[in-house]
Amino acid sequence: MNSTTAHTVKSFDDDLRLLRSMIGEMGGLARSQVNEAITALLSHDVELAKRVVEADKRIDELEMEAESFAISIIARRSPLAQDLREVIAALKIGAVIERIGDYGKNIAKRVEALSSSGYRGASAGVEQIGSMASTLVDDAMRSFAERDPFLARAVSDGDEAIDDYYESLFQTLLGEIAEDPENTAPATHLIFIIKNLERIGDHATNIAEMVHYSATGEHLEDRPKGGDATGLSLPL
Amino acid sequence: MATQVTEAAAEEAHVREQTLVHDEIAFANDAKMTARDVDVFYGEKKAVDSVSIDVDSHYVTAFIGPSGCGKSTFLRCFNRMNDTIDIARVQGRIELDGEDIYDPRMDVVQLRARVGMVFQKPNPFPKSIYENIAYGPRIHGLASNKADMDGIVEASLTRAGLWNEVKDRLDDSGTALSGGQQQRLCIARAIAVDPEVILMDEPCSALDPIATAKIEELIEELKGRFAIVIVTHNMQQAARISQRTAFFHLGNLVEYGDTETIFTNPRADRTRDYITGRFG
Amino acid sequence: MTSADVARTGTVDWRSAQMQARIRKRYAKERRFRFLGLGALVFAAGFLLFLLTTIVSDGIGGFQRAEVPLDIEYSATTLGLDPAQMSGDGADYAINRADFRSLVNAAAEAQLGTSEMISEGAWLDVRDRLRGDPSLLGSRERVWVVAAPEVDLLAKGQISFDVPAQRRAVSQEMINQYVVLNDRGDVQLSLNTGFLTKADSTSSELAGIWGALLGSLLTMAITLALSFPIGVMTAVYLEEYAPRNRFTDMIEVSINNLAAVPSIIFGLLGLSVFLNTFGMPRSAPVVGGVTLALMTLPVIVIASRVSLQSVPPSIRDAALGIGASRLQVILHHILPVALPGILTGTIIGLSRALGETAPLLLIGMRAFVSDVPGGVTDPATALPVQIFLWSDEVGRGFVEKTSAAIMVLLAVLLSMNGVAIYLRNKFERRW
Amino acid sequence: MSLGALALVLLGLTAITFAMTRMRANAFASGARPRDVHSRPAYHAVRAGLLALVPALFLLLVWLVIGDGIVADRTLDQLPQAAQPEAGIERQAFLTEMRSVARGDLPAAFNPAVNEAVPIYRETQASWTWLIGGLVVLLALIGGGYGWLKTAPDLRARTHVERFATIILALASLIAILTTFGIVLSLLYESLDFFSRVNPLEFIFGTHWSPQTAIRADQVGSSGAFGAVPLFWGTIFIGAIIAMAVAVPLGLMSAIFLTQYARPTARKILKPLLEILAGVPTVVYGYFAALTVAPAVRDAAIAIGIDSASSESALAAGVVMGIMIIPFVSSMADDALSSVPGAMRDGSLAMGATPSETIKKVLVPAALPGIVGGILLAVSRAIGETMIVVMAAGQAARLTINPLDSVTTVTAQIVQLLTGDQEFDSAKTLSAFALGLVLFVVTLLLNIYALAIVKRYREAYE
Amino acid sequence: MATQVTEAAAEEAHVREQTLVHDEIAFANDAKMTARDVDVFYGEKKAVDSVSIDVDSHYVTAFIGPSGCGKSTFLRCFNRMNDTIDIARVQGRIELDGEDIYDPRMDVVQLRARVGMVFQKPNPFPKSIYENIAYGPRIHGLASNKADMDGIVEASLTRAGLWNEVKDRLDDSGTALSGGQQQRLCIARAIAVDPEVILMDEPCSALDPIATAKIEELIEELKGRFAIVIVTHNMQQAARISQRTAFFHLGNLVEYGDTETIFTNPRADRTRDYITGRFG
Amino acid sequence: MNSTTAHTVKSFDDDLRLLRSMIGEMGGLARSQVNEAITALLSHDVELAKRVVEADKRIDELEMEAESFAISIIARRSPLAQDLREVIAALKIGAVIERIGDYGKNIAKRVEALSSSGYRGASAGVEQIGSMASTLVDDAMRSFAERDPFLARAVSDGDEAIDDYYESLFQTLLGEIAEDPENTAPATHLIFIIKNLERIGDHATNIAEMVHYSATGEHLEDRPKGGDATGLSLPL
């Protein structure tokens, strides 16, 4: 349902394009935040981690800008139908990306504690889940950029893999704590980190879902719920 | 010349191709008025092309569409006001409560009492406010005495939300009111003959936002009691006050359905383009 | 009933017998009313038709005249003309002094037995023939001369033989002679050219309207020359310039009232101001023209103002808005658009003036003028006045002359109105 | 130098000034930014042209009016004392004769003194003409030159030209006021003269009208001779009663049919037909009334047994006048009805009213002020109407309500009194002006009232 | 009577109390036109009350406010179109590039060429399209020859986005165009004399949404080249096309500032109430 | 800045009121979800926990309804200024409340694992932080209901207390893991639970912030960032 017709008032198109590009930029930033946070974590690069923390401000700023701009578009243009859905989706996607950025920052903030702890377990698993999350964000943003409801649906499906992977990593880390109580603090940090990455996956799914709504006007049937991965399946 | 004709034909074919997108509501079971395959011609020119629609008693139905798409023309079929235009010719079937209104046995005078109309520019009669309202009931013999008539006048004005503003000056001329008040007076006048349907042709386009808001508020209140059909240029207005929206284009009914759906998620491309301001 | 929630929806039973009866009554009234309207129009149109047919049937004869043949010998001696004089400047003078009247009367008496059968002015035609072709002098030819008015009536069948002989306009003697002549084929009806080329005369068969028509035209020329520019300028001033003040109010009131002041009042004005105070010549087109100009002025002003007003103000705003000056707005935009309307109004005003009689009566344009006027200060009469004068004449022959003159007047007026209607239809603009 | 030649010279000078100024203005306008040049070259040119033309033309016109008098005075001054005519009529006759001879209209004058004066006159005239001609040319040169010299980028030529145009237009509109004043003054002047001879009360309330008897000097103002009430009655009877009884219903119904029922094609035919009725001159109606209608009325009256019927009847005149007024009433009603917004009609029809209900209850009431105003104007017109009554109503000043009687009207009497030989000094003649004054005042009041109604009505829909 | 007067006075006092809410932009440094303490009277009636405002070259400035609040009146002060109304009287100071436009030495005709105007109803001259455009340049002597004039006509029509639609029928009458085209023609005509400021008084209120969108698009394109001031009843329109918005009420300037702020976060209560549709 | 003036079109007021009441209802539901989840946790009431999980669906439904309704208001009424801010705020607050509900559900889901584990540590602390979070949500919803920017600011400040309390509880739980590796799994659950409660506090702050924006048109100066409490201050 890609609409190729332009608005009679071209500046309306310009506005929408600008809004999309703001969101797109945010998405790109958030994704690289996540990547760099993981890199910093794996390479124990405290400096890089600090930069990631610093860079999050930019995303926050962008989000506020995008939000104001979306509100301004609504106020100025009274968009309807597809246009309205698109603006609302942008508004909500912006908030979600900001959250992804925050997760990235949160991961980066834990880097110093982890690197100073000397604990080096589960790094392959973290790298793996990190790249899964990053890819998911990437796909979600691509579906947004291309207004592609099919890709969006694929993203939504892709989230399950990350959830499963999180479960197994979580088990592993719990095991490590049980193995050596010294590991408790760093492993707990790592648990939070992988939880964050799992949440990033959920949020990417949210984005995809909004893209689907914006493009088709219909909600995806099984709406995956954010913050809902409890890891309940773990035997206790 | 020949190419022009061909192009026009091609254009028309294209238009026909895009069939009507209809909710099931287009053909409601308890419709107050129904139109089936209505064509309207002005001389040789077809202004409305095979439109079918059902108007429900309980809703406000809005007609939107670009200028000249035939909204007013089609609306005026519902109370046969097109009869007053010499060159206008209506084909197809329009029913009010199942009766064909273009049947020769249908009495136009009664039809128009049952299907009231409010016009674009407020057109109160140059009589007193009281007489404006009393006019309809009087010609139709709806009041048997003065007390009756007073009651009708008060009730109609009250319903039109005008009673408090004018009750102390019922003898003033209707034309001495402000534009918005005049339009409410016209609505009260239409109500006074106890119609079943009220047709409104861009009733707010001559009014400022304040007066417009008041009329919209009034329509909101009348909704349910009368079947209301309103033509409007203002999409926001259609979105605000109607429950059903019909989108016309080049004399065709392109889409008819639930207002919210039309404005948030229209089905036809032409509707979407019009609603979102993509006019080519 | 004090509240709105008295639900009345659907309470009226339109199908009830009472309602149906009511409806039928209403439709019957409708038909009666419509019929009355049509009747009024038919009556008005019928009257017009009746008037026109009466006039035409009465007047058509005015364009014909009866003629009888006379053999005329242009004898130089009888006429006292010297063939040598018949060329050069002296010819006219000589011919004018020649006694054609006796010549023709003699011929009539000889050939018809009496000169009663020919018009008193029959000799004029004979003289004009010779003047036109001096070489005729000395020759002999058969000339159809104007017959006497009684013969005219008889020839046109306007003498009814149903009435008793003593009440007929023509003596029995005359009738007998006419029958003889007519049996000989010596009475013919031919086109009355004199009617369109000559001035008034006391004898109906010789009277023409050219003098009156020319008088009217001269008068109208003066009227147009004065009232059109002044009227248009006044209208432009009032519509485009005049500030709202006492002075303009006065102008406006003056104009509106002048438009409805009875025309005879203008006659009084002309009489007392132009004739008595300014000492302008009586019976002259110039006075008539000025008087009628004053009468026409308000018509033109009002028509022009209406026409100017009908130029939408948005055009003014548009022109002013891009920096046109007031004069430019008027000359470039308003007048061109308003001009057809102004011209229509002017023509209508003029045609009213052309048909106007009363004021001209008062300023003396009712005099008997048997010469075609040569200028605007020469005594003249006007077409409608001529009609009035002829309608008063007792001579039976003047009845058809009057009607014929009316036909000419109406023809002129109709063509003027035709032009006005054409202009209006052609340039009528819907904004 | 003849006047024509002088006028040509003047026009030539104007044209030259125009052209030269235009060139000068073009020179500075073409280079500059439009905003630095106040007026377009054409305005400069027109301004200079007007400066050349107007003062000179004014002088010329003044000379045209008073010139002949001056030349005559100078001529007479040069004549020997003995040859000079005495003032007054004699002088007038002398001058007229002198001018005729000088123009060549007369070969020679009867008065030998005139013959003597002619060459002097010609000479004086020639020298004065040259003098004035020179002055005119000089004025044109000075004005044009001044205009040309003053032409500069910041000269507000446009403003000047506009102001000049405004003044000319305002002057033109003065004519209307002058006419009104002329009417009022002349009527008043003559009427006052009349009322100094006849008691105004007598005139207004008297019931006996017999102006002929008043010719004799000893009978001036004698009782009853100038009682105008029968005339007033006759006027009202014919114009306001009989004519309106015919014109109002027929005119109104015609207008209603035309505006509301007739199809466009029918309207296109019928409306001009009514207009023709309006365009027929009154003298034609008068003729028709006198020749056809009046005898018919009389015959009809006799047929139903009224033997007293005269051949000049109020009825005949009134009916024909009524028919004449139909188009007037109809077009006023048409205007009034058409200016009721179409929306009003739609509004009523949409309520379920039939067309005739709509007309009777909405349109006509809405248009009523306009219609009433129109009828009043029609009355004013009818009572001022002259020719029909002159020709068909008769001359009998009589107070009667029998429409078959002959009556006379104010206008008919005015015509009667002022045609034929008149003595301007007689009460008989002057009484016509008094009648005119009454007619004027009455129609004026009617008009003012009617127009006020119509105006208020029009404003209601604007 | 006495109480009425007191009430009116109290009301007025109340109105005055609420002082103008102004951004600093109300008094820009590089303003194209400035108004200071402008009052306009119609006869005795004050229609505009002490309004000060700056109009910037680079922006579209919108005037909004309820009907009769004096928007048009104030707008018409900027090119002295109020001069054409006899009873209108303007007090205060209005400057164009620092020159007082009500100075007696200021020439109105030139002023109006510099400050163009577009009206509510499209008002093309009843002449050809070409002549409509050429008229202004001709009376102001902006073209020295036919080629020049052709250039101006083409450029103006192109800028007004009309060239392609009319280039083949420049000789047709301007009144034969559709309403929206007519309005663009009027804008082209205003542009043709190369004005510095363009005033528009509800230029779209007689047009349908499609034509309106086209005009808005045009305004968007003209912005920056001309200082544009537009009066509009349609708040959405003001929000869409303007960068500065002034809100008028009862002849007062209530708030003037950045459009976005006005429509998302107005400062004055009266502005907020009007904008959000709380008209009492 | 409470506006008491009604819209001329009353149904607009009705719409806004309905939207607010939908959000209000969601808020009430979410708060009781949190309360009941804590109760279930403390009383080891698995049944109650299940009901909490079940009841979350209602919140999700309500959120979708509110969102559609907000979009419909924007489409139908073209709100401006305050009204627009209010609708946008409602849209965003709805999303946040849904998130709070999810956290409640997440807590409830952990109840079964915890109660079956037999671990009974730190319950006083959990009760305390639970009631803090619940109060904060309550205050935030009250500030929303009353359009009260001052209360909203207070909520924003109250969040700090909960963050501090979370830190200390986190330390305690880490200590318990270190003490007895058997505790690892349940304590980790408890860590997630208090983390969730801390996040609920953050989200309440977000709501307050949006209320402030909606009421005043201005963003609170120091915008607290969600997902940003890393517990970094903990010594490792």
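So that you can tell them apart, the chains are marked A, B, C, D, E and F in the order they are listed, and the count of residues begins at 1 in each.
The rule we apply is simple: a contact is a pair of C-beta atoms (placed from the backbone, for glycine too) under 8 Å apart; a residue touches a chain by one contact, two chains touch by 3 or more.
Small disclaimer: the values here were computed from a predicted structure and weren't measured.
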Same or different: do the copies subunit A and subunit F touch each other through matching residue numbers, with over half of them shared?
same
Counting C-beta pairs in contact for C-D and for A-B, the higher total belongs to C-D
Reference subunit F; chain at largest CA-centroid distance
C
Of all other chains, the one whose Cα centre sits farthest from subunit E
C
With chain centres defined as C-alpha means, what is the inter-centre distance between subunit A and subunit E in Å?
48
Can you work out the whole-Å distance between the CA centroids of subunit B and subunit D?
55
Need the CA-centroid distance for the pair subunit A / subunit D, whole Å please.
94
Chain centre separation (subunit A, subunit F; CA means) in Å
20
Hunt down the residues of subunit C that sit against at least two other chains at once, touch-wise.
26, 325
Touching two or more other chains in subunit B are residues 109-110, 113-114, 139-140, 193, 210, 213-214, 235-236, 239, 263-264, 277, 279
Listed in rising order, subunit D residues that touch 2 or more other chains are 158, 354, 357
Which chains touch? The pairs are A-B, A-E, A-F, B-C, B-D, B-E, B-F, C-D, C-E, D-E, E-F
Subunit B partner, complex, touching residues on subunit F are 7-12, 71-72, 75-78
Interface residues, subunit E side, partner subunit D - complex
107, 109-110, 113-114, 139-142, 144
Sort out for me which residues of subunit D touch subunit C in the complex.
158, 161-162, 165-166, 168-170, 172-177, 179-180, 182-183, 186-187, 189-190, 249-254, 256-258, 260-261, 270, 272-277, 279-284, 286-288, 290-292, 323, 326-327, 330, 354-357, 359-360, 377, 380-381, 383-387, 390-391, 411, 414-415, 418-419, 424, 432-433, 436, 439-440, 443-444, 446-448, 451
Taking the touch rule as given, give the residues of subunit E at its contact with subunit F in the complex, in rising order.
235-236, 239, 263-266, 272-273, 275-280
In the complex, subunit A touches subunit F at residues 56, 60, 64, 71, 74-75, 78, 80-81, 84-85, 88, 91-92, 95, 99, 102-103, 105-106, 109-110, 112-113, 116-117, 174, 177-179, 181-182, 184-186, 188, 191-192, 195-196, 219, 223, 225-228, 230, 232, 234, 236
